[in-house]
Each structure stands twice: as C-alpha cells, then as structure tokens.
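Please find one structure pasted underneath; my questions will follow.
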C-alpha cells in the first residue's frame, strides 16, 4: 500500500517511474503491450517503405529512404530496449510479433503502390505518428518517455522528408502530380484511423490517461492532425479527399469526415490488403536468420570456452 | 584533372559502389537481427555515398577526356550529365562495375562473404587513392577509406562467426567463398585512367582475405576460372535485371525532377 | 460497338491474360519435365494471344466510350493506342487484372493451382462471351474458349496428381490452394462495361473447382478474406515489379519500332 | 560378319539403318553421344533465349520468342526419343546432362546481354546449326535423319525470325542499330567456332564420314556459313567484325579470319562465361521437379492398383 501510494504520488507530481520502482502489475502490462506494439510497428513499417528502396527515382532519394528505413530499425531497437526494462526479453517480444500474438499498427497493412506513397507515408503516417507520440515524451514511464524523445525527433525529420517528396511531385509534371494526389487519396482516411476508434468506443483510454501513459483522447489528437494537414496540403498543391472538410469558426477547428472504423476493425482483425504479406515476410526473415543466430551463439560459446581454457 | 580514361575509371569505381549499394538495399529488413539490418543499411548508405561522389565527378569530366565509345557501345542518353543521368540512363553495356558486385544475393553467408572480398580490395584501393595527385579523387578516397575499413571489419567478423560457428554455417560460408572466389580476379585486372595499377593492390588483399579465411577455418579455393568483362561493359545476365528494376520509375517519367 | 465501360472491360480480360502469360513465361525451362515446359509455354502463348486480341480491340474503342479516368488515375502516355502502348506504357495503377494473376509464383503446385482457379473461371466466361451481341468480342471468345478448356483440363490433371500423389505433394498442393483461395472472390465481383455479370459464372466455377479438389483429396478452404481492387487498378505490391521488368526494354527506347 | 556386311551394304547404298537392324557397337555409341549432345544443346539453349521472354519489347516478339523456346523443348524431346531407339533411357540421358558427363553446344555458354542477342542467336547460331544439321537429314541412322528433317524445318523458321529481329534493329533508331551491331560483334566468332576445330585437328571426323553420320568436314561447313552470312549482313545494314573478310575469286568463296580455337577449348572445358550458370539452372530445375515427378509416379501407381482391384 505504501508502494502504491508512492507510485500514485510520482504520477500525480508528473515525475517519472523508473525500472527499479514498484509499479502496479496492470501498469506494467499495459506499458509492455503499448511499447511492444510500437516497436513491432517500426519493424513491420520497414516493409512498405523498403519496397521502394530499389526503385527510388534519384540517388539522393534512395539515400534518404535507405536512411529512413534504417532509422525505423533503430527505433525498433530503442523501443524493445525500453520494453525490456519492464521485465520481458527481446526474444519474447520478437516471438510475440512473429506468432501474431501482439499487433503492430494497422496502417502498415496497406500497400505502397507508387513512389508517391513513400511521400504520403512520410507526410501523413509519420505526421499522425508524431501527433500521437509527442505527448508520450511526457509519459510517466521514464525509459519510454526518453525513447520517445529520440524517436519523435527523427520522426519529424522523416515527416519533413515525406512532405518534400510530395512537394516535388505536387509541383512536378502532370503525371507526378496525379501520382501524388492518388497517394494522398488512398492514405488520408487510413491515417485518420491511426488515432484509433472514436473516444466513445475507446476501451483502454481512461485508465491510461489516469496513469499518464496517454495524455490526450483519440479524437483530440485526430482533430489536431486534421488541422495541421489542411494548410500543408495547400502548399503541396494537393487536396485532401474529403468534400466535407471545412473550417468551423465556432470550434476554431476543421470539420471533417470520420474514417471508416469498420474497415479499421477489419484490418486490425487480419483482413487488410497486406496483413498476410507483412507477416509472411517477417516470419521468413526470422526463419532464414535462425542458422545465422545459431552460428553466432556457437562462435561466442567457443570463444568463451577458449578464454576459460587459458591457464590462470 | 582530365586524363584520358578518367571518365571510365570513375565509372568503374562508382559503379562498383552503386551496384553494391543496390544489392545491399534489397536486404532491407531481411537480415538475421535488427542490429544487422542497421549495419547493412549503413554499409549500403556508405557505398551509395561513394557512388554519388564518384559519378558526380565523372559527370563533370570534360568531353575531350571521354573515350571514343562513351562508356560503352551505346551513347549515354542524357545531357548534361549528372549522377542521376549516369545511374539511371545507362544500359548494362555501359556499366563498368566488376561482376562480383552484380551477382544476385544468395543467403546471408553470401552477403557477408561478398562484402569481405570487395572491402578487402576497397581498403587498400582508397588508401592509395587518398594520396593521389588528383585532389578531388583524393578527397573522395579520404572519406571513403574510413567507411570501407568498417565494412571490412564488419564482414570479417561475420565470416569468422559463420566459418567457425556451426556445421551448417561453415558449409554455407564455404559454399559462398567457393562461388564468389573466381570473380575476385577481375578486381586486379588493368584499369586505365586511374593513378593506380590494381594489380598492386593484390598483395594487401591476399593478406587480409587469407588471414580471415584461416581464422574462419575456411579453405581458400583452388579455382582457376577468372571471369571478367565488367570493366568493359560485358556483364552477367543478372545486371540488366537489376538495372531494369532500379531504373524503372526514373525512366517512366522522362524529364521529371524528383 | 462502343458501350461506356467497354474499354475497361476489355482491359480487365486482356490484363488477366497478359499478366498470366507473363508469369507463366517466367517458368521457361523450369518445370519438372520437358513435356511440361512445352505445355506451360503453350498455355502462356494462348493467354498471350487472347491478351493481344483483347488489348488490340480496347485500343480501337473510340475515345467517346472511354471513361473519364482512362484506365486509372494516370493518363495512358502513348497515342495512338495499340496493343503495345497498352501493354508497355501503362503503370500498375492502370492495369485491370485480378490480383490472382499477378501473385509471384511459388512452387509448381502454386503454378498449376492458380491455373486451375483461373481457367475454371475463364471457361464459362468465354463460353458465355462467345454468344455476346458484340461480334468482335464474340469472335475472340469463340477462339479463346477452346484454349482455356485445355488449360483447365491440364491444370486439373496436375492438381489431382499432386493432391493424391505423395504426402509432400499433397501438402504443397493444399498450401497452394489455401494461399490462392482468397483471391478467387475478386473474379466474381461486378465488372462494368461487359455483357455478363461475373457473379453468374460462380456456380459453374464452384462446380468445377469443388469436383477437382474432391478428386485431389484436397480441402476447400474456409477463408472469409476476399482481397480485391485489381479491377480498379489497386494491386498488390508485386505487380509494379512485374511491369518494371516487362516494360524495361520497351521504355528504354521511346518511339522505337520492334 | 554377315551382319557387318549387311550394315556396310546399307550404308554404301545410302539406305537407312533402323533400330531393329544390327549395327557396330561403336556406331551405336557414336550416335548416342552425338544425338544426346544435340538434345542437351536444345535443352540448355532454352536458357539464353528464355532470358528475354519476360522483357521482349513487343507482344508479337514475346509470342514469337516464347514459341521458339517451346520449339527447343520440342526438339529436345524428339532427339531424346531418337537416342532412346539406340537403347538408352531418357532418365539416363538427363542424368548425363545434369551430372556434366555429356556436353552440350558450347555456344550456349555465352550470355545474351541485350535484346539484339536474341536476333543474333537466331540469325547466326541457328544459322550455323542449320548449316551443320541439314546434311544430317541424310544421315545413315533413320530415326536421327527423320528427327533432323523436322528440326531443320523449324530451325530455318527460327533463323528467319532472328534475321527479322536484327533487320528491324539494323534499320531502326541509332540506339537500336548500335545494339544490333554490338550483338553481331560478340556472336560472330563464337558462331564460327560452332563448326568445331579445323579439319586438321578434328578427331572423330574420318570414321563419322565413313558411316555417313557426318557428311562434310568442319571447314567445308564453316566456309558455307561464312559465304551465306556476308550477303545477309549487308541487307541487315550491319557489318561482320572481320576486317580481313573478302571475296576470293579464285576459291569462289570468302576469305575470313578463323575464330579463337583456344577460347573454344576453354569454353568446352568449362570456363566460358556461363557454363556454371547454365548447369546450375538446369540442376536446380531438375532438383525442384523431383517431388513433382515422384507425385506423378505415385498417382499413376495408385490408379494402376485401383484398376487391378476391380473384380474380374
């Protein structure tokens, strides 16, 4: 009870819980689930963008895209490390991903059909991720908050790069502009759905808000994202595919059409365009790497026993 | 600086780096561990960076220094040249990379073994070029030598682990060495237009590779076959597929900026 | 004949055939026996022949009958249209084939299972189209129906052999059926511009496929997933790679005749 | 001895030896080797041309190329069937190929680097094959002679198609013409080498001529090929890469530079650009097909035992 009181006081004071601190089991499990899902999303998220590395249309864009996909692997690593501070191993986390027992962000179950999708993913998907994640930099769990600071910094860099890709296309040839508009048309609603179901239907939110794992409601964040995108779309010379999008002077915010939450549920439950492809890719890479990981372990064991064999 | 043959020399080095980056880029998210995804992407980025510097330099070589057959039997289609024109608008007969770099990837043993064999050549190459008379080439080499030293180190570490790991990994590593070995001879064939005779890099390469193979308990192949032709634009059948994919988007939008 | 939507309808059928031919063409010299190399090449040739007839017809559809978005969000780049402009100068967002046809090949079980699932749809389709009001389409269908009947027969023979062969072949055949099954639903989705509602082909298809699976001792999957989008130009990530390769040479030489 | 006399008489009378006839063991073995090598060449020859099926630059060319590669499989089949009449099984023949114990024509160890190579292979390689093979239509062994009649008919069709590919390129854009010239430059000498070493160095020839398995010497056939190509090259708007090629009014034939027979020997012995690739491809296809062949055999066995199980 004293432990619980201390925990509550830390949360109330906007201080950080650290790995050595006592924490409620449910707080720990909620955090593991959330951080793991975020880490898995980075790992699976390498696929839709990696899909265009080999075909990037200039060497500079190829370098930027390679670096971005590399950063995603890096984010996956920090986040797995943050989750590990909660008493779960990397092996367990990876196993949860490849077995399908833990989810990753549903947005990565959509295909990247054209080069403009690389731009749209950067602008919209990374943009939505940032809106979601910036508040997490003040999350109550220290290692997660610190990981998020680093992740958000890089994500905003990626978002900027995505914006630039679309800016060039939006002001390019008619074919390029059409490609960009098509990508924005396809990614807009799935990006809105990234903020989760409407507040009325959101299950875990209340407890997470109390624990300061979550700081704003799904709908608040979604609105923030919409407001941010409207102006940027104009600069991109592109339109958002929502005929009902308009400024509401009373709310001082844009009214907009909600995404199709039934579709979101279908994709979450496994029936998106690429769920199986993404999982098959990840499982194949994991399985193909088994002999290498075994070899590395065997080699390390030999070196360790060599050292032991040295006379004292 | 505009020695005759300089253009082809820069293409040879630049294409080695570009094609290596392209092949490594195919491995995104496919390696045995996340740390390795990061490392391979890093190496791909370094090679791509070197390629960009070398091709940009090549693009600025004055026309008078170009050989009669500009980079092959077919004319480079785009003028003015820049790194993208050279990367995206040449056909395989105009590429100058060594065949070693263009072979399709097999397994992870193949990836790290090829990297070992290539980096063991690039390390002394860029070391020597860093002292070249040509200041621009020397500056590129000074930057690149540090990067390829890391590539060599990374690849050697893996080849040791795989060669001296399990029976399976040993078998795969030996198969990779055997398959790739014949393609290493081409790295030391004469290459006009540059300040260095590649043959003079061979002793260094031999020393490095022999040592790593020995530590890895891998046999050095005794294979007399020495395929070549890459420096003259005579490639394997694999390169044109690699380029078809790499160039597809760029070529589908003639004249576009990206 | 120039009904609205006819252009898209012809593209859908033509692209199914073209992409099928392209995938089968990748198998040259790779099948388990020479007789099968010949048979698969034959089937590829038939599908390619049907594709050429359908795309040539599409190319002649008057502009007034074209939908607002000619074959997708990007304009077809080449005018006047002909079969090659449609095959080589459209991007994947403009292709109208069903996703089933574009999936990369796995093993031989995958090849013959896909062919079974597709041909079981093409047989009643072309049977019905052979009686269509549109005389040109009817003539194409009358030729093609005989060919696809052979494709169905050939594929069914193999699926029976594999399903009721060894334990390994049974497992591979079942895996192929399971992987491909969800993609069959798209074949029966509404398709504007043609004389037939594809849904009316389903009963025939079911009868054929169910009988072959039963004889092959293979289970009919109970999978509710029904991916689609191909008829609207929303493909898998695989199609653009297929097209990059297929179109690479043609696009590298703008304006050339072959 | 009576058998030998009958055999000699048939040969002398330009009649055919048939499978049921007695024949010298060495005649049989020589024929098996020659027919098998020819069959293997058709099978391996599918690879360099098949390499361009997926990328043929028009649908018509794609159809023609697919049909050609299919014909090569067909030729392989007739020729294996002809060899089987000499008392060897298809399985043994295939095994000889994949184990490397029997050879195939060295010409297929060169890569097809561009689309023009498809034309050059048709024009030059099939052209040389026809010059080699037309006399075999009158070969003393009946099944082989009859197979060759069919093969030669189709080959001359292929040669015509190759010529047409080059003709379009030779009269096309500068890039196409350069591509065509480059292909002819690379394929000319290897095609000359297809006729084998110069007569002075040819080992098996004398006996084969006596048996009417071979009807002209290597050098006679090579000269016939050169003479045929010179005029055709002119119509193609291409040049043959031999500066010493000129009409010799005395010989009533063209003088020409001999191919590099040392290179021929290196390629035959395994060190051509593609020997390993061609063999690896063939072995892989053969190995990948094993489970299918087993399944077909198991299925056939089940059907056979079903039939036996039917009560009489």
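In this document, chain identifiers A, B, C and D correspond to the written order of the chains, with residue numbering beginning at 1 in each.
One rule holds in what follows: a residue touches a chain if its C-beta (ideal position, glycine included) is under 8 Å from a C-beta of that chain, and two chains touch if they have at least 3 such contacts.
All figures in this text were calculated on a predicted structure; none of them were measured in a lab.
> For the interfaces B-D and C-D, which has the higher count of C-beta pairs in contact?
Between the chain pairs B-D and C-D, C-D carries more contacts.
> Taking the mean of the C-alpha atoms as each chain's centre, how many Å separate chain C from chain D?
34
> Return the distance between the CA-based centres of chain B and chain C, expressed in whole Å.
Averaging C-alpha atoms per chain gives centres 40 Å apart.
> Give, as an integer number of Å, the spacing between the C-alpha centres of chain D and chain A.
About 58 Å, centre to centre.
> Two or more other chains touching the same residue: where does that happen in chain D?
55, 175
> Using the touch definition from the top, which residues of chain C touch two or more other chains?
Those would be 91, 240, 244-245, 248-249.
> Assign the assembly's chain-to-chain touch graph to one of these shapes: line, ring, star, complete, other.
Contact map by chain: other.
> Would you mind giving me the full set of chain pairs in touch?
Pairs of chains that touch one another: A-B, A-C, B-C, B-D, C-D.
> Contact residues on chain B for chain D in the complex?
So the residues of chain B touching chain D come out as 73-75, 77, 91-93, 224-225, 227, 229, 234-237, 240, 244.
> What residues of chain A sit close enough to touch chain C in their complex?
48, 51, 55, 111-114, 174-175, 178-179, 181-182, 186, 270-271, 273-274, 276-277
> Under the touch definition given earlier, write down the residues of chain B that touch chain C in their complex.
For chain B paired with chain C, touching residues are 91, 240-241, 243-245, 247-249, 251-252, 254.
> Under the stated contact criterion, what part of chain D meets chain C in this complex?
43, 46-47, 50, 53-63, 66-67, 69-70, 73-74, 76-77, 80, 115, 168, 172-173, 175-176, 281-282, 285, 288-296, 298-299, 302
> Using the touch definition up top, name the residues of chain B that touch chain A in the complex.
My answer: residues 18, 21-22, 25-26, 28-35, 37-38, 41-42, 44-45, 48-49, 51-52, 55, 83-84, 87-88, 107-108, 160-162, 164-166, 168-169, 172, 245-246, 248-250, 253, 255-258.
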